[in-house]
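Shared between the two complexes below is chain A, which pairs with chain B and chain C, respectively.
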Partner chain A sequence: MKGSRRVIKYIAEGLFTLSGGITSFAILLIVIFLFKEGAGLFSSPTVERGYALCVHASNPTRVLDAREIKRAFDGEASAWQEIGTGEMTGEIALLRLEDLDALYPGEMDEAGEAARRRVEEAIGDRPGVIAFLPEEYLPESEEVARRLETGNVTGVEFFAGGEWQPTVAPAARLGVLPLLLGTVWVGFFAIILALVPGLGVAIYLSELAGARARAWLKPTIELLAGIPSVVYGFFGLVVLVPFIQGMFDLPVGESALAGSVVLAIMALPTIITIAEDAMRGTPRALREASLALGATHWQTIYRVVIPHSSSGITAAAVLGIGRAVGETMAVLMVTGNAAVIPHSLFEPVRTIPATIAAELGEAPVGGTHYQALFLLGCILFAITMAINLSAEFIAARGQKGGGA
Partner chain B sequence: MNKKVKQAIAFAIFRLLGFLVVGVLFCILGFIVYNGAGVISWEFLTAAPEEGMSAGGIFPAIVGTLCLVVGSIAFAFPVGVMSGIYIHEYLGNRWIVRVIRVMTNNLGGIPSIVFGLFGMALFVNAFGFGDSILAGSCTLGLLILPLIIRTTEEALKAIPDSYRAGSYALGAGKLQTIFRVTLPVAMPNIITGLILSVGRVSGETAPILFTVAAYFLPRLPSGIFDQVMALPYHLYVIATSGTDIEASRPMAYGTALVLVIIVLAMNLLATATRLHLGKKTKQD
Partner chain C sequence: MIETKHVDFYYSSFHALKNISMRMEARTVTALIGPSGCGKSTFLRLFNRMNDLIDDTRVSGECLIDGEDIYHKSVAVDELRKRVGMVFQKPNPFPKSIFENVAYGLRVNDIRDKSFIAYRVEASLRAAALWDEVKDKLRESAFALSGGQQQRLCIARALAVSPSVLLMDEPASALDPISTSKIEELIADLKKEYTIVIVTHNMQQAARVSDHTGFFMMGELVEFGETARIFSCPEREQTRNYVNGRFG
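Showing the complex of A and B:
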């Protein structure tokens, strides 16, 4: 009897201990898995897996990077002088599997000896060729056609690249800058829009509202924090987007502005709740001292209450930014999702979370695009982690030092 | 006089802001209710989507969301409560508690799409669950874990130490005290947190995008390894990428209203639970 009770005690306490560490363990797992899936990006080839680029054997060019490949295949560069090292001159002739299909109808349907001979023939005829072909179509010898080295995706390309076109062939462009700037852009304006009204409401709730108004306003605002983001996104889509389009006479209403406004509305409850809690934490003695010195209620608020709760207010703003940066569905639905570096509030932009949500479903598991999206997840994780830790730090400092 | 005028102006502005902000938030709710109320009918709630999701109902999505709620709670509730007990009753006030608390807060602050990525990498691919209720529930469970841990901790903190001392004085052990005294008293508050997390789970879209959600799946799931439709994802789909977006608008309004109602109901229920159970424990 006593023994079995002791066993139960050990089991229960063991379970408690295990559960106690679960959040730390979960964060550890998240970090490990995001990086595990994303880290492969820098060792994956620039050119789509299973495909290769070939040039004529007489072509001295050995290496092309992703940008040069894209310019050639987009037709932006039409001569070899414009790309590569400059040793090669003359027109660029592009050769894809479709082109070969048109040249030799029916013969390219499956990869085999005959198809490979045709490839060799076609490349041999064109000294300035760049051929983009599946690996199994490549001729075995390098006498006529030579494979280009295309290298791997580099960190510079990823972190400083200005173009995000993950599905273009032959070389996807995986520059994270437009997405990062889009996220910051939308989040920044959201917080500008939300901060003043949010603090205003917090002041109203903590200082001015009567007990009864407070009793139903506060739960209502907390309730609004619980409305799913997809509902806010839907509201933005059917009301805000047409409104913005009409008001500013835009070609499309899906814009950074729509995203910022929706995010501001969603960040409001967070900001209000935290800032209000901070203001109410001001000791009564401080307020009364101020009033006793002859200050009005308003002077007391902005000379005593606000400075005293400044760290809490800052924490509210920081957490609001965190909420705005990480928000996915609402932004996905109203910003138009054009992956360009933002120049104005009235153009479509695309944020990091929206990119992940929109593209992960179509990216083949383990491919370059998939890895790039996981790296985006890592970036997002790092940003929000930094934001949360600094909010925590600011709030803790406020508690310890008793405010400014 | 001058400072009185300043005060009057400032207060007028704050009052106005207060009503403005609350007004905007209410407009959003009102808009959804106004447009969605006409759509909701018995058929809407009990039929499968038809004609490219422009007619019929949302029954499979309701069932799917229910499955995810049950699944994620089944995982997160016991683990979260045990975690809260460990942090508050066993660790007391050591430095490790601060580390755990920071970690818990941080887990709560991670964007939901990151949970989606993680769920896909771990549950769907590494564990081989595939796109399934199991994978989705685990992902959502992790998401609400911080909320449950925090409410458990708060609930335990609110119990006076005299309760525990009284129990020890009667010769009870630590475990007995937890199960017979502390936990029952803390339960109303813990249940409140649980109910709120039900609201959260039913509205999350990003974590289920790649772990469970199906675009269109009229039949009901038969096991935990099946995919399901879910309300928030369904709303996203019919609002943005249906075959005929205009024709499916009413369906979208209806779905949005159902989501809003779930959240409202959960909040009301949470408040009611707190009041009701709170009263009962006091009487005991």
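Showing the complex of A and C:
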């Protein structure tokens, strides 16, 4: 009997150890996968894979970066002096596959020898040409048409770029700033909006509410944390967005403000629960000491209870921010999702999680856009991890107590 | 002077104090002794209405401090507590500096005059026989002090608001013998200015520090009189057994 019990014990211990190990390993693998896919962005070409940019062989320009390519193809730059190194002058002539199709109807349908000759012909006729074509349409010799070097996506372009246009051809604009700032903007105002009522409710629950009110309210508030975010988003879309639109007389109600309000509501349960726990953790001896000195209930709350629980309150706020920054669905539904650097609360913004959710489905696997979205995921991961670590740090520092 | 007349006290349905009538003269030390759960702490906490903090309690009878019924509707509890200071069983300094601990009672009294606060802090720390030990580290955390020093800090904190009554709930029970004797010396000193009521489990301590002693049992005041008499020739059998250490 004893022997078999020992065997069972060993098996059980082994299983628990194994499952713990596998889980930890799986989480580690996921993080590694995330960063591996994200890091791939910096070895991706600026111009979409399978396509190339060509210029006339007489054109001395060798390299163009993504911003210059975009300016040329958007018509912002019409002369070669405005882009590149300045060696080339004259007007820019754009040439896309559809332009060739219009020039030589029917001949460009498949990428054969005939099509390639037509391409050579078209480029040869236009000294100021910049052509954006699939690689198989390019002439093999570089006598007439020469491929431009476009390089890879750079870190500066990604982290300091102010435009997020991942699907424009020929060169996607992958600047993360609008999304990062959108996230911070929405999250920051969410926490400002949530903190005052959150702390108010926490003080009420911890210090003022009777036993019966507490017994009802606390579970109700905790229940709010369990409502799926899409429901909050739906509420925001149907109620909040029209309300904001009417109240501030905006062209559209989908705005940073709507996102902030929805996030604030979602962050409230976290803030209330953690702050209230911290306040109730104030030792009875300290409250009694304060009251026994003739302090009123309010004086005791703001001179003893709040300072004593300040680290818990800070942790509550920080975790609330963490929730707000990582939240996807509700924000996606109410912020309008315009990837521009926010200037006011009343403009549409787009956050990092909303971008990932909205775009990952249409980004070709392994492509530049796909990798950029993964890198966004890495950024989000880093932000939320930093937030959670600082919350832990603040809470741990508070537990040591003491200090003047 | 503190006086109670036929005081009864209930924790919901539990009858914790039964018909207590007692008179404590100004500038004397009254010790309350008795076995655990006899109601002596409850009785002590009547005088600064700390029992009000507990839900579902009830008090009847009269409880007078300097002739005023402290349970009358017109009494502001926070004002009462400024006149009736309290020292707790375990030292409970605030997580603030030594200076701020003592200044706390003044600050909640809306006293902003810095020189007056500094003066009261020093005077209170001197009265609590702590000044010489802490005068060079007033800005340091109160938690840096030893247990005995913390308790004297709590006494100084109570003295800073100039109460007339000082309630002490087993003030030395968490301290070592040397700290205890310091507290006892302090009590002898403080009685010149304050009316002191002290709850203690330590019979010798009651005999050493008090002028009068009240013996409580099962919520009743069994015997009350001069300390010397209570300990040498108590009138009641129960008192004699308790002070001689036969139970409790």
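In this text, the second predicted complex is superposed on the first by the 386 of 404 C-alpha atoms of A that agree within 3 Å, B and C clash if a C-alpha of one lies under 4 Å from a C-alpha of the other, contacts with A are read in each partner's own complex, and residues count from 1 in each chain.
Note that contacts are C-beta pairs under 8 Å (C-beta built on N, C-alpha and C of every residue); 3 or more make two chains touch, one makes a residue touch a chain.
Predicted, not measured: the structure shown is a model, and the values here were computed from it.
K.L.:
Clash or fit: how do chain B and chain C relate after the overlay on chain A?
P.N.:
fit
K.L.:
On the superposed three-chain arrangement, identify whether chain B or chain C touches more chain A residues.
P.N.:
In the superposed model, B touches more residues of chain A.
K.L.:
What is the angle, as a multiple of 10 degrees, that the CA centres of chain B and chain C span when seen from the CA centre of chain A?
P.N.:
60
K.L.:
What is the contact status of A:231 with respect to chain B (first) and chain C (second): first, second, both, or neither?
P.N.:
first
K.L.:
Regarding the shared-chain residue A:13, is it in contact with chain B (first), chain C (second), both, or neither?
P.N.:
first
K.L.:
Using the touch definition from the top, say if A:42 reaches chain B (first), chain C (second), both or neither.
P.N.:
neither
K.L.:
Would you check which partner chain A:188 touches, where first means chain B only, second means chain C only, and both and neither mean what they say?
P.N.:
The answer is neither, since A:188 touches no partner chain.
K.L.:
Looking at A:296 after the superposition, I want to know if it touches chain B, chain C, both of them or none. Which is it: first, second, both, neither?
P.N.:
Once the two structures are laid over each other on A, A:296 reaches both partners.
K.L.:
Have a look at where A:159 lands relative to chain B and chain C in the superposition and call it first, second, both or neither.
P.N.:
Neither partner.
K.L.:
In whole Å, how close do chain B and chain C get at the C-alpha level once superposed?
P.N.:
8
K.L.:
Which residues would you name on chain A as touching chain B in one complex and chain C in the other?
P.N.:
The answer is residues 296, 299 of chain A.
K.L.:
Using the touch definition from the top, list the residues of chain C that touch chain A in their complex.
P.N.:
Within the complex, chain C contacts chain A at residues 48, 50, 53, 55, 78-82, 85-86, 88, 90, 92-97, 100, 104-105, 107-109, 139-141, 143-144, 154, 157-158, 161.
K.L.:
Can you check the complex and tell me which residues of chain A touch chain B?
P.N.:
Of all residues in chain A, those touching chain B are 8-9, 12-13, 15-24, 26-27, 29-30, 33-34, 36-37, 196-198, 200-201, 203-205, 207-209, 217, 219-224, 226-235, 237-239, 265, 268-269, 272, 296-299, 301-302, 319, 322, 325-329, 333, 353, 356-357, 360-361, 365, 373-374, 377, 380-381, 384-385, 387-389, 392.
K.L.:
Mind listing the chain A positions that touch chain C in their complex?
P.N.:
211, 283, 285-286, 288-296, 299, 303-304, 307-308, 401-404
K.L.:
State the interface residues of chain B toward chain A in the complex, per the touch definition above.
P.N.:
Interface residues on the chain B side: 3-4, 6-7, 10-11, 13-15, 17-18, 20-22, 24-25, 28-29, 31-32, 79-80, 82-83, 85-87, 89-91, 99-100, 102-107, 109-118, 120-122, 125-126, 142, 145-146, 149, 173, 175, 196, 199-200, 202-206, 209-210, 232-233, 235-236, 239-240, 249, 252, 256, 259-260, 263-264, 266-267, 271.
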